[in-house]
Every structure is written in C-alpha cells, then in structure tokens.
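Shared between the two complexes below is chain A, which has chain B as its partner in the first and chain C in the second.
Now for the complex of A and B:
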C-alpha cells in the first residue's frame, strides 16, 4: 500500500512540475489565443540563463537567480516586441506559425550562444529526499510542488480578482472587443510573454536542479502539453488539477505497467487519457464555454 | 650551348621515365561529420583524428605502396535525411572507395544503397542488434553496446568475488532505437547467462529524466549491485543524483564511450562526482597513462597536425579510420595499388584480421565475418574508472562473452 502511495505522491509532484510549464502555455494563450509551440525552448533558455549566471559567472544563488528571472522577462518582452506586437489582429493561424518559427529560431540561438555541450545545472534544492515511513519524496519535486501550487493560486487570483488580470481575461475573450473597451492588447500580450518566460525559468530551476542541461531539456514542453490540453488552456487552477491527474496516472503506469509491457507506456498513457477526455469534452476540463447569442 | 641543351634533354627524359614508378594512385575517403548538429561539440576531435591518421598513413604506409588517400568532410548535422540528400553529390564529386560515419543516421540512410554503390561505410561507434544481418556494407569496429556491458558485468562480478549472479538494473529510454537495442541485448545476454547476471529491472525513462530517485530506490530494494546507463549523459547525471540522494555510494554506474566518465563528469560538474563508477568499451581509453595508443596519438600530434585533444571522440575517430586504412592497405596489396575499389576494400575487411598492433592498440584484434557488421568473437574491452579523483584504467583486455543474436 505504501508503495502505491509513494508512486502516487511522486507522480503528482512530477505532474505539478508539468503544471508549472503548462502555466506558461496558458498565460500566453489567455492573452493572445496563441498556442506557443516554443514553450519547451523557453524552459531551456531559462535554464541556460540560470547556468550562465550561477555556474559560468559564478554568482551566488541569491543574485544569480533573480538576475536570470530579469533576463528571462526581458527576453519574453523582446519576443513580443519583435514578433507578436506586429501580429495583433492577424489570424490565430499566422501567430501559431510564428511560434513554430520561434521554436526553430530559439534552438539555433541556444546552440549559437551556449553551444551543444551538456552543462552541469546548479543544485538549487538539497538532494536528500524527504522520507516519511516507507515513502520517499525527492526534495526538489516537493519544494517545486509547493512553489507551483502557490504560484498557481496566486496567478488564478490575479487573473480572476484583480483589475489588470481581468483586463487580460478580456483580451483573451476577443482582441477587437478589448481594444474597443480601451484595453491595450499589445501591453497585455507583452505581459503574457514576460510572465510565460519567467514561469519557464522557474520550471527549469525545479526540473533541472542538480541535473544536467542541454537543448534536450525542451522535451518537458511536450510532457506538459497533455496537462494544458486537459485543463482546457484557460484555467490556471485547472492546470494544477490536470497536472496532478496526469502525473499520478503516469507515475502508477510507469511503476506497474512499464515493467510488464517493457516500454514507455507511462509516457503514452497520459496522452491516451487526455484524448479520451477531449473526445467527451473538447474544451478540456476547465476550458471556457463560448455562449453564442443569435 | 649544345652541351647544355643535350644535358637538359637527357635530364628531362630521365625524370619522365622515372615518373611512372613514383606516381601514386589517389583514392578518396568520404568523411561524414556533424559540425552543426548535436555532436558539433566533439566533432573537432573526431574529424581531426581522421585527418591526421590519413596523413600518417600517406606518409608512412601509402608512400611505399604507391597509394595516396584524400579525405573530405561533409556536414550532415547528424540527420538521416541530410545524409540521404548529400550522398549522391558525395559519390559524384569524390567517387570514394570508403566512407567514415558518425552514427545511426549514416547507417540508416545508407545501409540500403551501399551494396549497389559498392562503397563500404565504417562507423565510429559500437554496433547494434538491429544491424546484425549478413552481407554487411556498414561495419562497426566494436561489438554491440550489450556485448561491451556483458564483458563488464562478468569482469566486475569476478573482481568483487560475488558468489551468485550479479544483480543489474538497466536505465534506458525509448527515445532512440539504439537505446532500446542496448536494453534488448542485455536482456538477451541475461537470459543466456543466469549464472553470471540477474537483470532485476529495465527502467525506461525520458531522454532527459525528470527524477530517477523513485526508480533507483525500487531497483536498489530489489538488490541491484550495478546500474547500467549506456544512453546519454543526462541519464547518467539523473541516476547519479538519485544514488546520492539515496545515500548509496556502494552501487556503481557503468557507462559507455559516448556518455562515459569524462563527458558525464563535465555534465555533473567534476570528476570526483564519479568516484568508483565505471565506463566500458572496446577501444583505447584516453587516460593520462603512457599506453601504446597514447604514444601513437602523441606521434600524430607531433608529426601529423593532430587537431583533436586526447579524448573519447578522438579515439573514436582513430578507431574507424585505422580500420579503414588497414583495409585499404590490404586491398592494395591484394589487387594492386591502381586497382583498389570499394568492393576490394570490403573483401579485404572480410578476409583479413586487423590486428591490435596494426591499430597501435586502439582496438583489439578485429575479425569480421559475413554474418555480422561487427566483430562477435575474439574481442576485448577496456574498463575505466575514477580513483582518488583521477581518471584511470581499471582493467584492459577483458574478454567479451558470446551473446546470441537478438
């Protein structure tokens, strides 16, 4: 029984890590209706910023990490200024295509700036796991899970209760309507990219603490995709729940089905669950329902 | 004036007559490389060692034979589609008698067409079970990763005086067919050598694992005594961090060449992190010890403009190039220096043993048969480790056991 609980807890914590990355998808989608294909690359870029500050420049964590966040925010702003500020009012398809271009561009940029070598990522959180009886919890994932939950609820409150957050929500509804209400769509989209980039850097810190960093780390973007889709792309708090569901299923399947089947069923199973749910409810669990008035 | 004219004419005639005896036949080698893809960071070493080995051969072997070799690099970005699109141009431009590959994309893109093109391809890596087919045109200088791991398991078990079978766990991934093949090979070996090893679990994970603490805790509870990670450095780092988190420094990780001690230590932040861990492969280890391969490397560095440092990629470049050069040498001796073709080189590969002495100890004796694209018997591996923070050889010349085809 404790073994099952162990896999469930660890799975849920991994799922919360996916939620954090998925929040990057959601905040950008909410502001611009754009599904950002380059989300994984944003995580890698954020990871390299941390590596640059802490390992390469040798700055202490308390200086290096805030600086990495500032640079990530500036990078998010730069992306919006160069690409998306010019696309306000254009079709969603055009913007999605730009994110695919951004993915390719960022891969090249990362290789150009940092090279293809595998780099040691600093140990941000202690390695020693938390042991409760027979249950073993990796400390980085536990702290990451707490941070993700706090960030998730804070963002949810921001988007649903504060004036600037509600403005962003209005932008997510319809760009033209938001403009007619005097809301700056460009500023909202820029804020979303800054937030998305900062969240990705936070995701990189939790994901990579004590491990290694290369452009392969962008795979977490794919792993987070079913979480964002399952939540419905619009609800931040929903992403937390979707992450826990996906992570727990993945943890149990990896533990009990993988050794029997002899393959990565754990990686495929969340996708199957996600597809099943989307067949029943295409907007995801917490996606907005559009009310058509005639 | 007349005298000088006669003298000049006579001299010119003498040079002209002597010329055919001195003229070398030039053949081309296609060097497939990855200067802009995932292996760009190690390609300077790998490609550099190819070039200097060819320069050495031209000066010290080819000159006597009447053969000169030219080598040209083609950047394929480690991409099978790029290899396939480049290949017709390479053939038209170079008409090579042999090609040197980097990894799976070369083999994948070219294996089907090399027999009709009549050009053998020599890889720099260990072999794969899925390539274990008769009548090969793609050759690996080493046996499969599974063969190399099996040799390590048997050596380690004996070294540690373990009575029963050695309990092993394999960390692998379905991200690449090569990684899956490593697992399958070890599984096959374990089934046939129950007195030697017990595979407690094959852990499948992502190519960049999120966290392996739970998985490692599980396999350690099952009694795993060695963790095999022959996929990539990210997996080695994740496995090491999990072992450190669990406070288990008594269970070593065994790696291969491409994700070996030096590469993984860089990714972990220092050699000391891998104290007591191992790497295993069937070629020379680039330690600081004064070995024959190191002496050969030093010679290439001093006399033949070796660009690469003394690293695993350099040794990989050397191993494939030396096999190619010795095969060309054997072909030239057999068919004549002016009649060497790709087919003749392949025939030479299949009918001659390339001795360890011929490769200056970079490889053990290599004998190919028509049954496999890699040597399957009579081969040995070397084992490297970190002792007191220093990268050293733990064992050399360890025999590779026989594994049935999988």
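Now for the complex of A and C:
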C-alpha cells in the first residue's frame, strides 16, 4: 500500500514540475497567442545559463541565480525582437512553424555555444530526501512543488484579476481586436517571452538540481505538453491540477505497466494522453470555447 | 500571368498546364536533362539526385496536405516510414514484386495517415501539430515494441533489390531511373489533383473552413482526404526509399525529417506543386553542401568534433524556416513569379 502511495506522491510532484514547464506554454499563449514548441529548449537554455554562471564562472548561488534569471529575461526579449515582433497578426501556421524553427535553431546554438558534453548541474537544493514514514520524496521535487504552486496561483491572480493581466489576455483573444482597443500587442508579446523564459529557467533549476545537463533535457517540454493540453491552454491554475493528474497516472503507469509491455511506455505515454485529450475534449478542462464566425 | 498575346478560347485551354510552345520546350528540356543526368555527373551526384526524387514525392504529398488543404502536418516522415515498413514487409515476408509492394506501402501509409487525419475533423491549428507529432512518436513506439519478427524492431529490415521481368534494379543508375519514372507519375498526378474539384475544395477549406462548409463543401471529408492523399504520397516515397537504401530502420524517419520536409515547402512556396519541387532541390543541395563541407567545419571547431555538422545543420534549418516565414512567407515561387512578371512587362514598371 505504501508502495502505491510512494509512486503516487512522487508522480504528483513530478507532475507539478511538468506544470511549471506547462505554465511557460500557457503564459506565452495567454499573452501573445503563440503556441511555443521551443519550450523544452528554453528550459535547457536556462539550465545552461545557470551552469555557466554557477559552475563555469564559479559565482556563488545568490549572485549566479539572479544573474541567470536576468540573462534569461534578456534572451526572451531578444527572441521577441528578432522573430515575433514581426509576426503580429500572422496565421497560426506561420507562428507555429516559427516556434518549431526556433526549437531547431536553439538546439543547434546550444550545441555550438556549450558543446555536446554532458555537464554536471549545480546542486541547488540539498540532496537528502524527505522521509515521511515509508515514503521517500526527493527534496528538490518537494520544494519545487511548493514553488510551482505559489507561482501558479500568483500568475493566475495576475492574469485574471489585475488590469495589466487582463490586457495581456485580450491579446490572446485576437491580435487585431486588441490593437484596436489600444493595447500594445508588441509589448504584450515581449512580456510573454520574458516571463516564459524566466519560468523556464526556474523549471530548469528544479528539474536539473544535482543532475546532469545536456541538450537531451529538452524532453521535458514534450512531457509537459499533455499537462498544458489537459488544463486547456488558457488556464494557469488549471495547469496545477492537470499536472498532478497527469503526473500521478504517469507515475503509476511507469511503475506497473513498463515491466509488462516493454521499456518505453513512460516515454510514449504523454503522447497517448495527448491524443486522448484531443479526441475527447480538445479545449481541455478549463480552456476557452471559441465561437467561429465568418 | 501569361506572356502577351496568349488568349485562351476554351476552359480546357485556360486550365492547361502547358500554355505556350516555349513552356512545352522547357518541360521537354527538363525531362531530357533528368534522363541524361546519370551520364553527365558522377555516382555521388546520382545518389543525391535519387534522394531528391524520392523526397520530391514525399514533399509534394505534404504540399497537398499542408500547402493546399492547410492541414499542418509534422508527421510526414512517420507516414513515409509507415510506407517504407509496409513495402519492406510486403517484399520480404510475402515476397511480392516491387510494383505491388510500393503501392501497398502507399496504401498502408494512407491508412495510417487517415487515422490522424480524423482528428483534424475536430481540431485545427497548433492542436493538429500536436496530433501529428504524436503520430511520429507512436510510430516509433510501435516499430520498436512490436514483435521483432514483424518489423525487425531496432535492427531494421533489409530488402532484396527490385526486379522487373528478370531485370534487377541493383545499380545506382537503374534505381535512379525507377525513381524518376515513379516521381514523374506522382508529380503529374499532384498537378491533376490540385486542379481538380478536390484540389479546389482543399484550397477553399484552407482559406476558411467555416465558410467553405456553408458553401456546401463537405469539410470533414475534405480534411480527411487531404491527409489520405498526403500520406499516400509519403508512403510511395517511403517504398521507393526502402528499395533505394534496401534497409529500413526507425531512425530514418524522425520528427527532424518531418521538419526538413516542412522547411522544403516553406522555402519553395506554400500552395504550389512546383514550389515543393523547387524547395526539395534547394534545401537538399544546401544540406549536401553542408555535409561535404563537414571536415572543414571540424577543423574550425575541433572541440565539437562530429557534432558540429549536426549543430550547423540545426542552425541552418531553424534559421531558414524562421527567415522565410518572416521575410518571404510565400517562398521562392513568389520571387520567381515577380521576376517573370517584370520580365514580361519590361520596359514598363507595371
């Protein structure tokens, strides 16, 4: 019994980590109507920034981490300047393909800048696990889960209750309408990318603390997709719930189904969840329903 | 736009693909060039040309699905893989001749694509991209996890060369001609599809699916058919690939390859069969240049070793997709038609 509980709790905490990455999707979508396929690459890039500051330059954590966040924010701004400020009001195809182009481009750039070697990621959270009875919880995941929940509710409040947040939301509804209401779409897109980039760096810190870092870590972007989808791309607080659901199920599937079917069910599982959600309810649990007019 | 002095007197004449004698001449010269190619260039370039022909079939299929019908598709390489595996199974396990095995591969890919096309009925835009990415990883999962005796698992499958009336397509040159003939048929077919009522329905659904539904177009059927046709082309290309390489493995058909294919139609021009062909030639030429320049790259950045070519290819692919979408969203074909127009109107500005 405690074994099941162990898998479930750890799964839920991993799910909350996915939520943090999925929040990157949602934040960028909420404020710019762009669906960002390069989210996983943003996480890896944030991870490399932290590695560069803390390990390569040897700065102490309390300087290195804020500096990495600032650099990530600048990088987000750069992406917006180069790519997305020119694409306001373009078709979905153009937006989606540009983010896929960005994914490929960043993968190449990360390889060129930081090399193909696997790097040790600094230990940000203490390694010894938290033990409650028979249940073993990695400390990074637990602290990460708490941070994610706090960040999730704060962002949700910001987007739903404050005036600037609602302005950003209007941009996701329709670029042209937002412009005609006097909302600066470009500024909103820039904000989205800065926020998305910073969230990705936070995700990288929680995900990679004490592990090894290479460009393969971008897989977390794919794993976070079904979480964002299940929540509905517009809901931030919903992402927390969706993360817990997907994470718990995935934890149980990996523990009990992998030995039966063969090694990689855990890998293809997010895809199957994603397909199921798309077939059953494409708008997710809390997504907007759009009425189409001609 | 036609050159001055060309007037169509009937609808058939107006819709003809070859409208002037000079266009006919250009097409004949192109075909002559393609036929003579193995005599003109070395074996390395023949191999590249064969790869171009195979990719052309797949890219034209993607152009029909994405360019004409507007169904964003990042699973084209998986559909190609489904075709390649079906061809390999038909050729080895059931020892069917290639002229049955390749169409069979096309049909298998079409069936695989149709399943994912069905989801296109309810969703669109980036949601569709998600299902096609899922198609990609489910394809991998299935191939690697089905019993080894079915699809060869991670070892892949080997094929015997194609054979017709005792003639064996074992040399590079003979397989080039085989691919040329099939690619020519498929491309001609694509021109036909694009101009038929189905092609017009595709374009209508791409431009506005709600409006085209109101005009009486069966949107659901049209979307599903776009995937069916696109995947069929991918399957034929996959079958050719299987006979060309004579070895099918799962890592020949990754998401990365799908993205290359999308890059080809973006560079060539969305919504034009000729554009897909132009994109294939341009992109594969540049990619091959990168790969043959590889040793030089490695000298510049020795610490990266063999990964530098891969990294440079990534930067190039991502950069070219973004650059074309931002600066030239209608692709090279658009440039070409501007050039043609200004040449025909010369010396007048417009």
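Definition applied: the second predicted complex is superposed on the first by the 283 of 294 C-alpha atoms of A that agree within 3 Å, B and C clash if a C-alpha of one lies under 4 Å from a C-alpha of the other, contacts with A are read in each partner's own complex, and residues count from 1 in each chain.
Assume a residue touches a chain if its C-beta (ideal position, glycine included) is under 8 Å from a C-beta of that chain, and two chains touch if they have at least 3 such contacts.
Source: prediction; values computed, not measured.
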Q: Check the residue A:116 against both partner chains and state whether it touches chain B (first), chain C (second), both, or neither.
A: both
Q: Return first, second, both or neither, reflecting whether A:129 touches chain B, chain C, both chains, or no partner chain.
A: first
Q) In the superposed arrangement, does A:83 touch chain B (first), chain C (second), both or neither? A) second
Q | Partner chain in contact with A:211 - chain B first, chain C second, else both or neither | A | first
Q: Identify the partner contact of A:229: answer first if only chain B is touched, second if only chain C is, both if each is, neither if none is.
A: second
Q | Contacts of A:180 with chain B and chain C, given as first, second, both or neither | A | neither
Q: Kindly classify A:101 by the partners it touches after superposition: chain B alone (first), chain C alone (second), both, or neither?
A: second
Q) Common interface residues of chain A with chain B and chain C? A) 111, 115-116, 262, 264, 267
Q.
Can you tell me which positions in chain B touch chain A when the two form their complex?
A. 37-41, 173-174, 201-211, 213-214, 217-218, 232-234, 237-238, 241, 244-247, 263, 266-269
**Q.** Touching residues on chain C, where the partner in the complex is chain A
**A.** 66, 70, 72, 74, 119, 122-127, 129-131, 133-134, 137-138, 140-141, 144-145, 208, 210-211, 214, 256, 259, 262-263, 266, 270, 301, 303-305, 307-308, 310-322, 325-326, 329
Q) What does chain A use to touch chain C in their complex? A) 35, 37, 83, 86-87, 90, 92-98, 100-109, 111-112, 115-116, 222, 225, 229, 261-262, 264, 267-268, 271-272, 274-275, 278-279, 282, 292-294
Q. Of all residues in chain A, which touch chain B in the complex?
A. 6-7, 10, 14, 17, 55, 111, 115-120, 127-129, 136, 138-141, 207, 210-212, 214-217, 219-220, 223, 251, 254-255, 258-259, 262-264, 266-267
